[in-house]
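Here the chain labels run A, B, C and D in written order, and each chain numbers its own residues starting at 1.
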Amino acid sequence: MLPKPLKGVVPPMVTPLLDNETLDVAGLERLVEHILGGHVHGLFLLGTTGEAPNLSYELRHELVKRVCKQVKGRVPVLVGVTDTVFPESLRLAKTAEKAGAAAVVAAPPYYFAPGQPELVEYYTHLANHLPLPLFLYNMPSHTKVMIDPYTVRTLSEHANIAGIKDSSANIVYFNAVRHILRDREDFSVLIGPEEALGEVVLMGAHGGVCGGANLFPQLFVDTYAAAMAGDVAGVLALQERIMTVSASLYSVGRHMSSFLKGVKCALNLMGICSDFMAEPFSRFRDEERAVIRSRLISLGVKVVKE
Amino acid sequence: MLPKPLKGVVPPMVTPLLDNETLDVAGLERLVEHILGGHVHGLFLLGTTGEAPNLSYELRHELVKRVCKQVKGRVPVLVGVTDTVFPESLRLAKTAEKAGAAAVVAAPPYYFAPGQPELVEYYTHLANHLPLPLFLYNMPSHTKVMIDPYTVRTLSEHANIAGIKDSSANIVYFNAVRHILRDREDFSVLIGPEEALGEVVLMGAHGGVCGGANLFPQLFVDTYAAAMAGDVAGVLALQERIMTVSASLYSVGRHMSSFLKGVKCALNLMGICSDFMAEPFSRFRDEERAVIRSRLISLGVKVVKE
Amino acid sequence: MLPKPLKGVVPPMVTPLLDNETLDVAGLERLVEHILGGHVHGLFLLGTTGEAPNLSYELRHELVKRVCKQVKGRVPVLVGVTDTVFPESLRLAKTAEKAGAAAVVAAPPYYFAPGQPELVEYYTHLANHLPLPLFLYNMPSHTKVMIDPYTVRTLSEHANIAGIKDSSANIVYFNAVRHILRDREDFSVLIGPEEALGEVVLMGAHGGVCGGANLFPQLFVDTYAAAMAGDVAGVLALQERIMTVSASLYSVGRHMSSFLKGVKCALNLMGICSDFMAEPFSRFRDEERAVIRSRLISLGVKVVKE
Amino acid sequence: MLPKPLKGVVPPMVTPLLDNETLDVAGLERLVEHILGGHVHGLFLLGTTGEAPNLSYELRHELVKRVCKQVKGRVPVLVGVTDTVFPESLRLAKTAEKAGAAAVVAAPPYYFAPGQPELVEYYTHLANHLPLPLFLYNMPSHTKVMIDPYTVRTLSEHANIAGIKDSSANIVYFNAVRHILRDREDFSVLIGPEEALGEVVLMGAHGGVCGGANLFPQLFVDTYAAAMAGDVAGVLALQERIMTVSASLYSVGRHMSSFLKGVKCALNLMGICSDFMAEPFSRFRDEERAVIRSRLISLGVKVVKE
């Protein structure tokens, strides 16, 4: 069920919430259809954009079951199982497998920062026990540790490790990982920052996990297609739109949470789902919401809420 | 039940494990008595030294119940409820309250790094819902965020926030916090790094959360008493022993985990409990164990295991 | 004399030394011709690769005069004037102007880390007094500060600021800078890490300041040309060679200095110049030199020294 | 001429300037007498507080000569020779030696961050060539590197290395350094952050390099004396004053430069010297100046300027 390598645009889905422990079920259904309507190549639940580390476990399991049921195999579903608690990662992976997900994704445990040999051991143990293929997730800004390219190479030889999602935004790191895996065309290299999608696909990446695809899935699918076709001019034209979205919506607040708050606020204004955020965050207040509103209008987006 | 302020030596207890999901029950009982035998003033479960973020929830709840039952009010028990999942913090706090714990302790949620206003909101919401008094826990090396002294001051005015444990090791930060709280003799300021216990108590701190007190509780209790008595010469003499322990046992490995592995290995060699560590860590191998062994002997400690 | 925008490959020249205060004059002449022989589009003296901050001022001035005289206008020469001492930056810029250099380059002063408004003031004062156009140099790993894209935009409106060299390796930053300057086709955006040359030129960067071009100038010139022609397949083929060079030569030592030591050692083995390094660094010892030697041979490079 | 160990309060003198290249000679003379009038035990020129890295070389040499002449042996003068340029460190040290200074002080070269073995080599070479005893200067926030306690121990065995000034503010580091040097009562351990003076002297440090002693030298001398006498209550009373000064004057601006700007502004308001700052900084504007003014008055300080 998991293509090897997995290629294309795999949006890290926002988790629509009514409160800290309740899914916005109707909003979730609309959001899934909105994203799939953009012809994406997969769907990634419970990543950073999905606020996964802040969600209750019951809610995480429920989300996986609901979305897999709704997607019904239209695209592969990837499930984030990043956790500091090893058994909780396994438990969620089992739910994912039963629900029909295609793979799981795990960043390093994020309280203690492990050394590289500790990462090799950890991921090996995890992959040994997982019922689904594993994607490594490099996210140093949140986990305090880079998964070294040599570590990636070593782990890529495990039969149950299928790829890496790199959200470091480090261009030298990406090229080093791609180079060290140049003989492994079956091992996916996906990139986090949506602002880099076009260029890394031109350079051989298999795709991107683009947060902005919650809002504008077709934009990223088109960019991916242009890059795959080697259409540099096409990529550049779409890149201008991607950067305009990024500059407009992702830095309205002052903290690291600006991206998440901006996306949820925009989804709410577009009438797709609730903008409630799990603790420790809270949705944008009126002032920031008004800014997002006017910027969406400038972007030509139909705003249906105040 | 919680003294205001809480004063003295409150060891952050190691969590004895047989495997990722099983407590070493016999070891745990020995460890609790070993620590209480050193006349400590409290016991802190499920902190960083307790590997809390890596332990299964079931195990955390079980640990709290067992230890509170065993301690039976001999000293106040504090329970770490640090979590990225808000409802899990509350759930564990409820167990702690029912079991008879005196307070809970929470570091900032540690995947996303919140800004200061977000910290104020988060801790206020948490304290509003907690059935026990809350200690803030400043741990920037692991959470990526400092709790600003002004934030501490603001939060200290919440009726359900009782103190702060500062593990930043930053001497300017400690003095700034103490100064900003100088009119709040009821609000505990406890310090993490055991190498600083004597000096910060001389300067007005209320006590320390000393990891080494798992091994040598009386050493830290004596240091605290000397500092409280203003006996500078006494503090200096004991400080030499503290530093010798630190230099001998805490940097045998190469990674951030060296401290934890060293303490657990030493406790095992002393016949107190298992040295199993939860994922992503693993116990010291033979080579490092031999180093810890010979250093314990140099320290004059009775080693009862190979 | 300075094209607007400056485009192409502008190697950051290594500074050949006999000792801390003496240029390797013969080596320097060979190196300049070796680089120019690769059809590069400019030459950047006294950057990070040139060990500029470690060189005596007399030597810096001498180097600028010698190289400008030798280059004789064949390509524009850029001179690094990065300094914590404002008047020394000006003094070196005057020498550069007299010698016939085309522009100067300055990273933020690198002891105290300025805030963004302080950067705007600093660069404005500097540009006001400089006799040559200025390139900003974003180098956060060494200066501890990012030049924010908004700061770049503000400074780009100064008549005497001509471009930016970005060595952050941050792919989101690069795209944000390019986007914020999308209406300023006269303002150069050059990229530091050579591993990114092809892809950023495909995405609209004007060129690269590639350290490896000291060794293999034609390789980077060819990559630039392929990218400018939109020849993605050509870029990918050359990229493999660039990554092989990078993986072979730049990480033989253990410290941040590995890149510099590797390049100087290779240049020496190739018979081009001395591998002496200014304090606080020292050249590779026999062991590392043997590794570099065998890797150069694997790369098919003619090695003429033991 | 240099006591072994050097003990007491050694203020890091502010450098009074009229512009980027001109000393405020009259202000400098007043400042030296103001500081010496507080019965300090030494004077440290050209440190971080002295804005040394931003000053022209000519001015640095002039400052050393003027101050040594004025001090005329009343206290030992230490001269900061921190530089990325090795020969410039030596040149300034020669001027210091001729002028009658007692020692020099050097932080690691601060553009490239050296590894520990590179630090050992660097400081060994430097000490071999210096005409005066050398103090190591640990300043990781500015140099990006900690001088490891083992490195300090190794270097302490060099005949021409006399002590360390630690400005890390890391309480574990300080205790580790003191412990590793416990048999070296001739080797000075001085501490940077003035907020820690009392407590570290109680714990065995030899003294402090307190920036606030530019303003209130007697306050720090009294604190040192109380700590040396083991008078804990006395230290605590003075500590409250030190913290009030710190909280009042050092965080009025928003950037890392707030401390420097606050001290210079206060000195100017007190009628002692100019508040001009070398590039890339500039003096406080009217708004911040008014805050400093009112806070000085609250502190009971006589303000003689608008």
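Convention: a residue touches a chain if its C-beta (ideal position, glycine included) is under 8 Å from a C-beta of that chain, and two chains touch if they have at least 3 such contacts.
Keep in mind that what you see is a predicted model, and the values were worked out from it rather than measured.
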item: Mutual neighbours - chains that touch chain C and chain D alike; value: none
item: From chain B, the most remote chain by mean C-alpha position; value: C
item: Chain A and chain C, separation of their C-alpha mean positions in angstrom; value: 35
item: Distance between the centres, which are taken as Cα means, of chain D and chain A, whole angstrom; value: 49
item: Multi-chain contact residues (two or more partners), chain D; value: none
item: Touch-based graph of the chains, sorted into line, ring, star, complete or other; value: ring
item: Chain-chain contacts as defined at top; value: A-B, A-C, B-D, C-D
item: Chain A-touching residues of chain B, taken from the complex the two chains share; value: 20-21, 48, 53-57, 84-88, 108-115, 117-119, 121-122, 125-126, 142, 144, 254-257, 278-282
item: Touching residues on chain A, where the partner in the complex is chain C; value: 169-176, 178-180, 182, 193, 195-196, 198-200, 202-204, 230, 232-233, 235-236, 239-240, 243-244, 246-247
